[in-house]
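Here chain A shows up in two complexes: once beside chain B, once beside chain C.
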Partner chain A sequence: MTQSDPIFRLEGVTRRYGNLTALDGIDFVAEDNSYIALLGPSGSGKTSLLRVIAGFETPDKGRIWFQGRDITDLPAHERGIGFVFQNFALFPHLTIFENVAFGLRHGATKVPDAEITDRVRASIDMVGLSGLEDRNPDQISGGQKQRVALARSLVMQPKLVLLDEPLGALDANLRERMQTELRAIRERLDVTFLHVTGSETEALAMGDRVAVLDAGRIIQHGTPDSIYDSPAVSDVAQFLNRFNMFEGSLKDGMFHGAFGAVSVASARPNDTDVYAIRYDRTRIFDADASDLPGPALPVRYLASEYLGSSIIFLFETADHKTVEVDHHLSLGEPRDLTVGQNYVLSWDPAQAIVFGKESAR
Partner chain B sequence: MSAASTNRQKTNTFRLLAPGVVWMILFLVAPIMMIVYVSFWTQTTFAINSTLTLDSWRNFFASEAYVGALWTTIRLWLIVLTLTFVIGYPAALYVGLLVKSKTVSTVLLVLCVIPFWTSFLIRVLAWRPMLGKEGAINIILQKVGLIDTPIEVLLFSELSVIIGMTQIYVVFMVGPIAFMLGRIDRNIIEAARDLGAGFGRIFWKIIFPLSLPGVVVGAIFVSVMVLGEFATSGALSGRKVNLLGNIIVTQVGSLKWAMASVVGVILTILLGIVVAGFLRIVDLKREI
Partner chain C sequence: MESKVLKPILAVYVGLFILFLYGPFIVLGILSFQQGPEGGPQFPILSWSTYWYQHLFGLTPPSRIAPLPVGEALVRSLTLAFMTMVTATVLGVMAAQAFRKRFRGAGVVFYLIVLGMMVPGVLTGLGTSLLANNVVGIERHWWSTAFLAHVVYTFPFAFLVMLAILNRFDGSVEEASWSLGVSPITTFRKVTFPLIFPGVLSAMLFAFTLSFDEFPRTLFASGRDQTLPLAIYGTFSVEIHPNIFAFGVMTTLFSFALLSVYGILMGLSVRRAKKMAMQEDIA
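Our next item is the complex of A and B:
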C-alpha cells in the first residue's frame, strides 16, 4: 500500500437526534486507494456516519474534507461520492441499463450519448451482468441487484464509494463470492471503498484497514491483524467475538478473577478491569491435572459445535458464564469430553490481554 | 390428477363465481341492455311504446342543444380534470413525500376528507354565499379596494361550476397520488441525489413516473364523477350550463324515457372510452 494524501478526513464530526448522540466527535483520516472496513454493532452510528459523509445529513459540529476540499456544506448531488445502499435502491421503473446510466444522463456534467453507452456497457461488463441490460430490477436476483447498485455508483468514476452493509441482504454463499469480487473490483479501479458492516469476520477479511465504531466514537483504527492481535480496549475484543472475557480486578500487577490471581506483565488502559484470552489459545485439562501452563478455571462441559476445520467446545463456569474453546483439527484430534463432567481450562498467561483502570507498569 | 377431481375443481370454481356473476348480470348487464333497448323505442308526447325506431338518436344529433351539452360536458371535464391535477399534485407531493412523519401525513389526509362530513348538496350550495354578487369574495375584494363593482361572473356561470367541481373532486386526485408517493423508497431518491441529480431531474425522472399509477387512478375517479355530474351545475350555474347529466334529469322528469336512454348510452360510451384510455397509460395490474 502506498502512502498518499488522505482521500477524506473527518474533524470532530458530531451528529445528534434529539437527545441521542449518534456521532460523538469523530476524527478519522482515510488513505487514498484503500479498502476501509468500518465495524460496529447495530446502533453504533455506522449508518449515520456514512450518511453524513454522503451529504444526506449535515453534522451538528465538525468538518468533512474530501480530496483536500471542505465539503461540509456541499449538497449530496455535488459531492461526487458513490453510495451503495443496503437495500440496493434501484430505480424500479428503469431497466438495468438505464439504472446504471442514470448518473451520466442526469448528473451535473453533460456526457455525450455515445460515451454514456460505452461507459455503461463497460461498467455492466465489469460486474459480470452483460446480457441483462434490458431487464427490469424485479426480474433479477438479489446478488445481481447488488452488482447493478455497484455498477451504478462506479460508472460515475468516484474517488470514494460508501457501502452500507452491502452484503447484509445476501445469503452466505453469495456473500463470500461478493467479498472476493468487491476487493478485486476495487483494486482494479483507483478508488477507496468505505464498507460498513456489523460482521467482524467480514470486516477483518475485507479491509486493508479496519475502524471500530462504538457509541458514536471510533475506538480503534488499524490493520486487521493489529486489531485482531491487540484490541485497544475491551469493547473491541468483545466485538471481535474471538475472546473469552473475564471480569475481575487488577491490583499491583495481579489480576484477580474466577480463575484465581494471575500476575500481569502489562495492561491496556480501559474503563473496567477485564482479562481476555482467545478461544483458540484456551486449552482443556482434566479436573485433577497438575501440569497446567497457567491459571486454572474450573468449568463444566456443555456442548460442542463442529465447524469443519475446527470444533468449538462450550463450557460453563461456576457463575454460569459461557466459555468457548476453539480447537483447530489441524492440531490433532480433539479429546473426548463427557457432557456435564467437570474440567479445568488453562492457557499461557503471556498470551492473555489484560485491560485495566490501572494500566500497570 | 384424476378426471373426477378436475371436475370437482371446476364445479367449485363455478360455485364460487356464481353469486358475483348473477349479481353483475342482474344489476349491471341487464340494466345497461335495457337502456340500450329503450333508447330505440318510439316516444310520443304522452306515451312510449316498444316499436323500434332511430328517432330519438336522430333527434339527439340534430339538436344543437343536445350536441352542445355533449361538448360542454367534455370541455368542463377536461378543465376540471386539469385543475384537480394541477392543484392536487403539489398537495399530494407535500402530504405523501415531503412530510417526513407518517403521523403528520395521515393527519393531513384526514383533514382533506373532513369536508365530506357535510352532505354533498350542502358543500355545493355553500359556494353561493361565497361567490354571489353580495357574497364573501366580492365583499372582501370591495373592502380591500381592489374592485368597485361586484364581479357578477363569479356565480351562476360556467366559472362557478368549475370552481365548485374542482373543490369537491380535488381530494379524489390527492388521495391516490399521495398513496403512491408515500410508497416510494426514500433510499431511491437519495440514490438519485448521490448520482448527481438535482431536485428537478429527480422529480421528472424518478418521482413523477413512480407516482403515475396514482395520477391515473385519481384521474379515473375524477372523470367518472365529473362526467356523470348534474347537481353542481344545477345548483351553481343558474341553469345556464347544461351537462349530459342535467339532460337525463330533465328528460326523466318529463317521462321522456327514450331520449334519457340515448343520453345515458352516449354518456356510458364516453366514460368507457375515457377509462380505457387512462388504463392504457399505465399497467395498473403491476401496481396492485
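Our next item is the complex of A and C:
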C-alpha cells in the first residue's frame, strides 16, 4: 500500500447526546500508515469521535469506512481497531504478560500457545518492558502502564490504533520521551495512529497530519507546518497558542484595532474580524521609538518567563489585554526591560494574519 | 470540649448496641450448657453439662424429651438457601448489568424490583399460596412455591449489592477488551466477572442468610414439609427445652463458618480490587 490510500473515511458522522451535538457532520479521510494528531479543546468532541470510530458508540448519522469497508454497524470487537485509553485500562487481575496476551487468547481466532508466547514477548520487547512480564499492573509506573496498553493493542497487529490523550496522565518529562517513542514504534509497523490531544505542542510535534476539531467540526486539516503557518480560521490560531490576537474591525482593506489602522493585503474568511501576529514575530521598542516596522501598540511591561531556549515577555495593553513576545535567545541577548515601564510593540505587517467577515480583496 | 461529653455518650451507646446484639445469643449459649434432662430454660444454671448437645445428636439414653425434629428440615433449608442464593445472585447480576445502560422505563422497573423487599412477608407468603392453590392449581412445596417466594425476596438485595458494585466499575477495561477483538460474552467472563467477584460474594451471602432465616413467606408457601425456622417454631408450641439452644449455638457456629469462608474469599479478591482502585486513581 502506498501512503496515499485512505485507511479510514468518515462521511457526515454526527453524534448527539440529548440536545448536545458532540459531532456535527464530520467528513474526514485518513491516510494509511501515518500519524494523525487530532487537536481540540475539551468539549470539542474529540473523545466522542474516537469512541464512534472504535465502535463504543454508534453515530446518529453518517458512515464510517475502514479499509474500504463500511463498518458503521459492526460491533467494536469485530472492527480490528486498537484503542489506547488515557487511564490505560489495564486488566488489574492479570499479569503484564497476560494483559498483552489477552486479545490473542480470547479473540475470535484461535492462536496456538507457542505463537502467543512469541508474539507477546516480541511486543513487550518492542515497548522496552522485557523482564516485567510477571508483574501486576499495580507494580509498574505510569509510563510503563502506557507501554503495556500500547503493546496490548499492537500485538493484535491492527491497521489503525486510536489513542485517547495517551500522554495526558504522564508527567512532562515522560511525556516527551513517550512522544518520540510513539513515533518510532509507529514507523516500525505498518499502522496508522490517530492520536487525540488537547495540547497544541503535542499535536504539532507528533502528527504527520494534524486535524483541528472545534464544536464537533473539523475546522482545519493539514501538515503541522501548514497549520502553524497558516491557520484557516481565528479559532485555530487561538488553539495554537502562538498568536497575539486582536479584535477590531476590517473595512476597505484597513484593520482598525488597539494599534491603530493598518492596511491589510488579504484576509481569511471568518465569523469575526481578528488580527493575529505570532509571539515570535512581535518585537519590542522604546515608547518613543520612531523607526517602527509597522503598527505601534502601546503596552506596559509585566513580567518575563525564561524557557531555556527563549524568553517570553508579558505585556499589558491599555484595555488590560495580555500580549506575549517570544524572544528566541539564538537571535541575541534580550533587552533589559523595567517592570511597569511603557513600551511599544511592533511587527512587520506582512507577517500578520488577518481574519475577516469581509474576506476577499 | 465537645468530645469530652460526646465521646463517653457514644461509647455507652455503642456498648449498649453490642450488648443487645449479642446478649440474646450469650444467654442462649449459656443455657445450652444446662444440665439434662431435668434442667430447663432457667437461671441459675443447675450445673454445667453438654447433655443437650449429646441429646441433639441422639447420643443420650432415651428420655421423656423427644429428639428435635430438625434433621430433615435442616437439609431442606440448606438446599433451599443454596438454590435461592444461586438463582437470586445470577438474576441480581444480570439485572444490575442491564441497569448500567439507561433504558426506557428503567425507573419503573427499578422500583418494581426493590418493592419485592418492602412488601410484608406474610402477605407475599399468603399471596403465593393462594396463587398456587386457587389460581394456578398446583401443590405447594418448599422447593417450588417457597423457593419462588424466597427468590422474589432475596433478588432485590442481590440486585442492590451488584448495582452499587457496578456503579463504581470503570467500563473502560471492558471497552479495552472489545477493542482487542474479544466478544462481549468472553469479556464478561474474563474481565467483568473477576473484577466484580467481591460484590457477587456479598450478594450470595445476603441471599443465603436471608433465605435460611426466612419465616413469614415460608410459613404459607412451603406446604407440608417444613424448613428449619418452621420446624423450630413448631417445637415451641409443646415445651421449650435447652436442646433448642444447643441447636441455635450449632447453627450460629455454622453461620460463622460461612462468614469465615466469605471473609477469606473476600480477602483474596479485595487484593485485586485494590489494584483496580489504584489504577482508577491515576486516571
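The rule is simple: the second predicted complex is superposed on the first by the 358 of 361 C-alpha atoms of A that agree within 3 Å, B and C clash if a C-alpha of one lies under 4 Å from a C-alpha of the other, contacts with A are read in each partner's own complex, and residues count from 1 in each chain.
One rule holds for everything that comes next: contacts are C-beta pairs under 8 Å (C-beta built on N, C-alpha and C of every residue); 3 or more make two chains touch, one makes a residue touch a chain.
The model shown is predicted, which means the values in this text are computed figures rather than measured ones.
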Exercise for the section: Mind checking the superposed model to see whether chain B and chain C fit together on chain A or clash? Expected result: clash
Problem - Touching partner for A:Ala54 - first (chain B), second (chain C), both, neither - result: both
Problem - Which of chain B and chain C A:Asn87 touches, first, second, both or neither - result: both
Practice task
Would you sort A:Tyr17 into first (chain B), second (chain C), both or neither based on which partner it touches?
Solution key: neither
Practice task
Mind working out whether A:Ala169 is in touch with chain B, chain C, both or neither, as first, second, both or neither?
Solution key: second
Exercise for the section: Could you tell me if A:Tyr306 is touching chain B, chain C, both of them or neither one (first, second, both, neither)? Expected result: neither
Exercise for the section: Check the residue A:Pro137 against both partner chains and state whether it touches chain B (first), chain C (second), both, or neither. Expected result: second
Handout entry: Residues on chain A lying within both footprints (that of chain B and that of chain C)
Key = 54-56, 75-83, 85, 87, 89-93, 102-103, 106-108, 149, 152-153, 156
Handout entry: Residue ranges of chain A touching chain C (in the complex, touch as defined)
Key = 54-56, 75-83, 85-93, 102-103, 106-108, 136-138, 142, 145, 149, 152-153, 156, 169
Handout entry: Touching residues on chain C, where the partner in the complex is chain A
Key = 170, 172-173, 175-184, 186-187, 190-191, 194-195, 272, 274-276, 278-280, 282-283
Completion exercise
As the complex stands, chain A meets chain B at residues 54-56, 75-83, 85, 87, 89-93, 102-103, 106-109, 149, 152-153, 156
Handout entry: Residues of chain B defined as touching chain A within the complex
Key = 185, 187-188, 190-198, 201, 205-206, 209-210
